[in-house]
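Letters A, B, C and D mark the chains as written, and numbering starts fresh at 1 in each.
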Amino acid sequence: MNSSHDQIQKESLRKRLHDIIFEADTPAGKVFDIVLLVLIGLSVFAVLIDSVMPIHEKYGDELFLAEWMFTILFSIEYILRIYTVSKPRKYIFSFYGLIDLLAILPTYLSLLFTGTQYLLVIRMLRLLRVFRVLKLARFVGASEMLGIAMKNSRHKIIVFLEVVVTMVVIMGSLMYLIEGPDNGFTSIPISIYWAIVTLTTVGYGDIAPQTFIGQTLASVIMIIGYAIIAVPTGIISVEMAKVSQPVNTQVCRNCGHKRHDDDAVFCKICGEPL
Amino acid sequence: MNSSHDQIQKESLRKRLHDIIFEADTPAGKVFDIVLLVLIGLSVFAVLIDSVMPIHEKYGDELFLAEWMFTILFSIEYILRIYTVSKPRKYIFSFYGLIDLLAILPTYLSLLFTGTQYLLVIRMLRLLRVFRVLKLARFVGASEMLGIAMKNSRHKIIVFLEVVVTMVVIMGSLMYLIEGPDNGFTSIPISIYWAIVTLTTVGYGDIAPQTFIGQTLASVIMIIGYAIIAVPTGIISVEMAKVSQPVNTQVCRNCGHKRHDDDAVFCKICGEPL
Amino acid sequence: MNSSHDQIQKESLRKRLHDIIFEADTPAGKVFDIVLLVLIGLSVFAVLIDSVMPIHEKYGDELFLAEWMFTILFSIEYILRIYTVSKPRKYIFSFYGLIDLLAILPTYLSLLFTGTQYLLVIRMLRLLRVFRVLKLARFVGASEMLGIAMKNSRHKIIVFLEVVVTMVVIMGSLMYLIEGPDNGFTSIPISIYWAIVTLTTVGYGDIAPQTFIGQTLASVIMIIGYAIIAVPTGIISVEMAKVSQPVNTQVCRNCGHKRHDDDAVFCKICGEPL
Amino acid sequence: MNSSHDQIQKESLRKRLHDIIFEADTPAGKVFDIVLLVLIGLSVFAVLIDSVMPIHEKYGDELFLAEWMFTILFSIEYILRIYTVSKPRKYIFSFYGLIDLLAILPTYLSLLFTGTQYLLVIRMLRLLRVFRVLKLARFVGASEMLGIAMKNSRHKIIVFLEVVVTMVVIMGSLMYLIEGPDNGFTSIPISIYWAIVTLTTVGYGDIAPQTFIGQTLASVIMIIGYAIIAVPTGIISVEMAKVSQPVNTQVCRNCGHKRHDDDAVFCKICGEPL
């Protein structure tokens, strides 16, 4: 009985830990989420500044220490997640589970191999957890709406991207013929890269047409790129307008139809007064 | 009778080949389309990487072989298309028919003349077939809607492009006067090219104003370019919103209400059956 | 009587010439407009290519001849316009009247002074006549709609431009303090110019921040510039949507009210059935 | 009684001065606002051109004098504002109060310390007063509408910026691994800066990818940046459309129709008086 009591206590602890780590409903859960976010932010910041040579030379040792500290903390978190979750296997192979593991592996691997330190950059991916953690009521609606609008417009966006890709391949190939290797268009892939840089109006200027015909074609690409940005914008605006339209929550008592217009007086399906 | 039977069999084979090659309704037709798309993709990829010098030097022979293989396969496809289609002349002189021919000609011409290899780039145009082949139900609606929106807004887009062209010609000429050949604005066409690069916010930086007045005028062009991008965007957004709104022309016999949803059975205002 | 008859004939000729030159309703008027447009296009093209050094050296004499030919033709047109219009003074001092004069003056002035040839660039302004001439039914609706949308949104656009100007002045001044003359930010006006180049996402790269703080502030400006382009786009989209909404032409028989919604059954002002 | 009379006169003067300085309803108030705006503009212009070396060398003394003149005028204005306002403490520590003080301090500090002249740039912030002063009826509506649309869309904009920041951090880190210090990507912060320059389509070109994989990833970033600009645009367009649509909450007592125009007197569906 004692052992059963222990078991129950253990279960209850596991349950409570699970709620703290995975949920954000309780005060403790909220504190955990905020602390985790701050730690992720700090660890990302440490990786960031450690890549700056003068800082690495001056504070390399402190940052090395910080790196191990973050790794140990994240390892504890990782083990607790596996321990408290009901289906560990599912968590481990989930998107966030893999990122959580990849974020701590490089430090341990650096004990065995040299040069794995570069892999620490993977830790940046933990920033994505912001989207899981920041499930505050205020932002859920906003991000859900954005998500739905994006999802609804995906077919049109794919058609648009197809047109863009076909266009840059053909335009890039043409520019390779027109300008040639002497003017910086050393190969078709490079020319396609230039066409993307131009069509998206980025315009680095590392490669730029030199001949008159090349500059004329480039002008055409620029004006096309300038004008067709209107297409994805139009697509997403329309979808957003649809998603953001207030939905009437009236339900017909007779047939149960749910989507009524705001000015409806009778059910449009069965004729019952609303 | 035997010969007539043969004739019928031949006709039936031709009919079946036609359905496989030109339509995508049958499983065989779908497989043909996918295989064709993959082949086009591979042949484009081969032309692409063959233009990269180090790859050409190392794998030139293999790519030469691949080029001939693709050419022979596309030639067979071209002959089959002519054989199976009911009006061969119409296909041959159609847009896709010409591209199909132009995609195989350069390789054969290279046997007679040198230097025609460059023309192989024309094969890139076969990528356009993606739009014919990918007529999957999911994307047809999306691309049709985009097409209608573009078509409906063409008058406004033409007026907009007229304004843009007039603006860059005048602004470019002015900059030629202000900056002059010493600051890179060597001629009016080059200055117009610079005005396009600036107005479309591409901004290569190969030519940039040096004088104070030139930089002031450039600032004006940039702010105009930044602001008027709103015009095509607004045009296309509005047209897309229109296209995506189904218009129902039913009118209620009792109260005369006009805007009914497509699924309405009863008038939502007075309850009368529609 | 003879002289009176002459007078009438003269008037009738003047009237007919006026219709040909100023209107586009008659076949002759349409031909005149098209010929004029082609001549303007050619004269602009001549000025354009004459500014290219190699072309000027080779075809300078021919282009000089062409210039005089265009000048004489435009002079005849100008005199005819003054002759046929009922209020010559009004035409001469109108916007298009001044441009028409300025387009021919430089060639005559070049007889008296040297160096006035540069002024020939003013002829580019005649391109604006495209907008007067191309009053084809198809485009009038489109350009009017664009014009109304622009006019309706002008207050909001002015507020937006005020915000943008204030932002670039403050940001530019800050960058002057942060980066200083050593990094290319040689004065506050130059820094403001850089801020405009950056905010409008043109990004020449002739001036670019070198310090860490400068690059951080530049990143902020870029993201702001990237995001607030949404503002003019939103403004103009909304105005265009309003302008393009079909207007119901029903008029109430009782009170004469004109703007009824499409689903209106009774007049909303006096209650009369429509 | 005399002193009381004086007191009243003083109060009345203070009241009138307050109306002139803080309000724009009276003719005198309007004149004051316009004069103030012109003075702010001139003082900003003086700071601006004083930073241009050749102008500083030639007109340095005159600009020094102008600076003191503006400082004294703005000091008088500042003292008058404190004197006439009913709650001086509230004004002093308000946003505009602090800017008004900061705009005059640097000149006085330059008497005590050298090098504080640079701080004069703070005077640029007084440009913000334009937004307080220009409260003309025409623009209040426009700027309020813009403000409401911005406020309503802030949650969605924050989610969007979160996605953008996460994306540039991850993309920048990846590019640091791919390109490395030899190709200009000297540290992760610099690589993130490059990712921002690229995603926002600014594209300075001071740093540009050199390797094939780097250019491929850069192309992906560009196309993403080119496409997702549609997101803030869509968000703000929708919010603006909402704000510009007046909502009327009247309901018809007879038929229950809900959407009536603001000027409706009778129900447009059933003719019942509203």
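A few notes on this one:
Everything that follows uses one rule, which is that a residue touches a chain if its C-beta (ideal position, glycine included) is under 8 Å from a C-beta of that chain, and two chains touch if they have at least 3 such contacts.
Source: prediction; values computed, not measured.
Between A-C and B-D, more C-beta contact pairs are found at B-D. To fit its Cα atoms onto subunit C, subunit B must turn through 90 degrees, a value rounded to the nearest 5. By the residue-number overlap criterion, the interface of subunit A with subunit B counts as different, with under half of its numbers used by both chains. Taking the CA centroid of subunit A as reference, the farthest chain centroid is that of C.
For A-D, the equivalent interface among the listed pairs C-D, A-C or B-D is C-D, as over half of the contact pairs agree by residue number. If you average the Cα atoms of subunit B and of subunit C, the two centres end up 30 Å apart.
The centroid of the Cα atoms in subunit A and the matching centroid in subunit B are 30 Å apart. Centre-to-centre separation of subunit B and subunit D, using mean CA positions: 42 Å. Those residues of subunit B in touch with two or more other chains are numbered 160, 189, 201-205, 225, 229, 233, 235, 237, 241, 255, 257, 269-270.
Subunit B makes touch with subunit C in their complex at residues 155-156, 158-160, 162, 166, 169-170, 173-174, 176-177, 181, 186-189, 192, 198, 201-205, 208, 212, 215-216, 218-219, 222-223, 225-227, 229-231, 233-235, 237-238, 241-242, 255-259.
Contact residues on subunit D toward subunit B in their complex (touch as defined above): 201-205, 233, 237, 255, 257, 269-270.
Looking at the complex, you find that subunit C touches subunit B at residues 44, 47-49, 51-53, 118, 121, 124-125, 127-128, 130-131, 134, 138-139, 141-143, 145-146, 149-150, 157, 160-161, 164, 189-190, 193, 196-197, 199-206, 225, 229, 232-233, 235-237, 239-241, 244, 262-263, 265.
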